[in-house]
């Protein structure tokens, strides 16, 4: 299948490109970026670009939209311009997007393939309602992706409430998103819009698809989001109240969580590994960035507490989106 | 009053010495450290020692104990050797200590002067029970100090439960406590014993003194403690459930909290200031390190959430202990 | 004297304002910033502004130029707009500027007051040539300021050649000048234009004023400039070849360097202190940021080597400029 | 060939083990560490140990020395105990060591295979003189390794003098070698013994082997060594005076430097790559850590200046030593 990556020179776009190197199903045909980058070779623009793609000539978004001519689009453009671009492309082509533009639409799934694969069915609603040949599948915000992978095995114990404090990496803010002078030797407990996203996206992802839409999960999620001086890897301290379950049972459920193993997706890795002390620098690259590391599980009063860490650019963005596409293909949606 | 500082060359000891420069009530007579440092001038051992104390000859603990000859002791020794040393000194001399050795004794207060000044009355129980002329007053663990200053104004709203995730500074681990290779570009969600301390010390501090002991506060406190690459200043993300109260009322209570203002203690600073986005590097030195900064208060589902940051070596250790001594003197205990 | 600070909300501007708090000679009358900031109180724009200036209403540059009405201007505007602004102001008012716009003009001194106070005489040339009532005095680039303070005591030994590698702090790039993702866990050996400035400004500063201009010092200066993950404080590794002198003599000259002591300038601090191991975090605030720390002096083959560190925003920018103004006043130029 | 790694749990030892994973010539038979680690599986001691070695039971040094039974030893023990251990082993077995214990012996080469492969001939001197069946080959100190790879292509231009300022990574100090509180937000311009090593080892490496010993290269090397807050990768700012040559010629020599290409060593990578702005975080892993990155070459007065960066644990330690062993085998010494 011929694939295009939109926003291919940004942080998330580069991660898409890196993950698509040597992919058995998806062949990168077009790398799309801003007018300024158009006409340059990708290797000129991205110093550590994979050999395979260094010679590809980057095209501008305007040029690309005139004649996409690919079978699949991965979108890493900013949210501000994504809504229109995605809708136009989805008329003909499946779009897997990291942008938040359509995440909260009733007929668009926020997909974490190991967590809510069934939500892919929304594609049918979407096509019917919008008359598209293609479709849009979003992945969640990076913190939500890491969180929901750790919450999925807890669903069977009856989640009643979640309190989560995030310690998010610098690269989550984009290449120039954060001034060194702001974050060095500091913690910044403000990431605009992030807490709302975590609270609402996770409830949609863990919600129930019935008929034509998703009913958000009925439990409360409350988040405090902070930025810390770490390059990559979001770490989250989680307090969760459950209907039932013991530390042993939960630990067992964490360890056993491997729901898509049988599907043999090309990029699939065990999504969750338990380690005594999860740490972003040590564990962010586990499973080529797709494995989330959970640990420090303890019962504490009426709640359980644990810590989870995962790669924000891979599990939390490009890698999750790629898995979404692989799942969609395996399940026959593309 | 003649004062000795035990452990004067460590991180907390230096902070004591710095705060005692030019103190109107307490005159540093003795700086006590290990055998290895004994006989050297303080200025040789501590590059940035205040001019006032540079020429003082450091004495060894053994030497000091033979003939303390001071009116008051500040203790910054490690917990391991503090129990015995403190008990021996307290027979004659008031001891204000940062060590945890006696914190959990029934007749020893963990004092945060703005939060539980009434607990000083335990001194009487202590003297009676132990037959001492002196006494022991402890300050809490650094994270607990910062947390309880922010919880004190919430007591009137009926605290039901507290979930707190800490992001603690490197200096909390002592000068050589943490390898650079461990913490650089990382978050380490394990600080040995810390969570237990936060959970139990805060309930003792906010507990009720009746007759001869303290009944811990009846609410749950659950903590996840992490270390982040910040030099000084512990930051804490707090979820608190209350019986009643609104964001406006709580914000008002934070702003109004200034309980010892009238006592005119020499080192007193407003203990709590509300700021939109509290940040350790920007706010740790507020009020010469004694002011805790709180912000980001929001209602979130059934809980309120906020962030608080404060200087772990000052508010969380030496500064808190010094305020304890000032309060004890003002109230006539010394 | 009534004073204006141009560019008062940037990194260097804030440093000017901080240093002018309670100044015995200079009273801040006007704080000038961009159109966007105009009309706001300074305390709204700069969180940690000194109490004294919080209520001052910031004026726009356009507004200010219409009617400066001050006796002295400190300029912290970017170089790009400084040339014209400074020339217009200098027609009537003395301008002390951190911008590089006029540094390389024949009749404008680059002044480090302890190093080349005699160059102030260029003011006379300037006034005569340009017909101004005011004048322009520049301070050097931050790395050059630190370097030349350490080179000045070596002049008597006959400087033949200087090789210097700088390790410069983040704040030298301005508040948003450097992305956290670029510098975290990294060294960036490229600071645009910096090496040229160090090489040429230091030779002008150490040059000889004869008649109407300055002949640059006859020795070679070669610089490699790098950025390191340090907040404030530029550190420089210096190799210097001398005509004569021993380690003891040079060390003595470093220690004795205190040339303006007798002038009793309000902000003056000993400009150079020798310490075994100079380090930016430990020593940048020495002498309120005006003292440069030198150390590790050794003879090594045909050269001497040493390390020097100093505060880039104070000694290397606003503080140096303020000392320039104080010297100019003491010497009767204003 | 059966191989043992001594000091297998330290920073350099782990790097040896990582590089030996799947090695076509060398099979790790024994992992040797302290008494404390003996008896444990390697995977228990080193979280990220390669799968291949996780189950190997670590043996103590004492146990190992009783019956080494391997064909080759890689030594990553501390210098303090290495002298005796290496001499005892070398009686029978070739030893490739990162320890400095024997580096300065007349009959022991400090080998950088791309730089001074001919020095391997000292093995013959060594065997004859000491009556050993085995031998000792050392690799240089980490900073020297990076420096000499960049100097080797300059030899043809006649090196007259070298001034080098290093910015060295934290991991060069070993796992617990450096306190986070010391280096965070700081530069520490003191690394004990390092400058002497750089100055002397580089002259030995670039020296001439004649008859039975090495005459150090006749040029001066002067070094200032600093530690910076970077995890891995030493960066060096180099000023070099040459007899002849232009920027173009030198740049060409840097680019062409690939001396052992024909030998087809299993771990060989191009040793030197020219990049505009070499940076430790971006380039330390080039060529799996064996490639040194050079850039910023300019002529500056009577010298040339450039910047070079390379991985201190790979190129500067274990990787260099492994290449030494591969070269020795290819040339028939083992």
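What to note about this one:
For clarity, chains are labelled A, B, C and D in written order, and residue numbers in each chain start from 1.
We adopt the following convention: a residue touches a chain if its C-beta (ideal position, glycine included) is under 8 Å from a C-beta of that chain, and two chains touch if they have at least 3 such contacts.
What you see is a predicted model; the values in this text were computed from it and never measured.
Contact with both chain A and chain C is made by B, D. C-beta contact counts were set side by side for B-C and B-D; B-D has more. In terms of the distance between Cα centroids, chain A is separated most widely from C. Between the CA-based centres of chain C and chain D the separation comes to 42 Å, rounded to the whole angstrom. Once the centre of each chain is set as its mean CA position, chain B and chain D turn out to be 48 Å apart. Touching of two or more other chains is recorded for residues 184-185, 229, 231, 282 of chain D. Partner chain A is touched in their complex by these residues of chain D: 47-48, 184-185, 282.
By the touch rule above, chain A contacts chain C in their complex via residues 11, 170-171, 173, 175-185, 229, 231.
Those residues of chain D that touch chain C in the complex are listed here as 161, 163, 165, 167, 184-190, 195, 199, 220-224, 226, 228-231, 235, 237-239, 276-282, 295-296, 300-303, 305, 307, 309.
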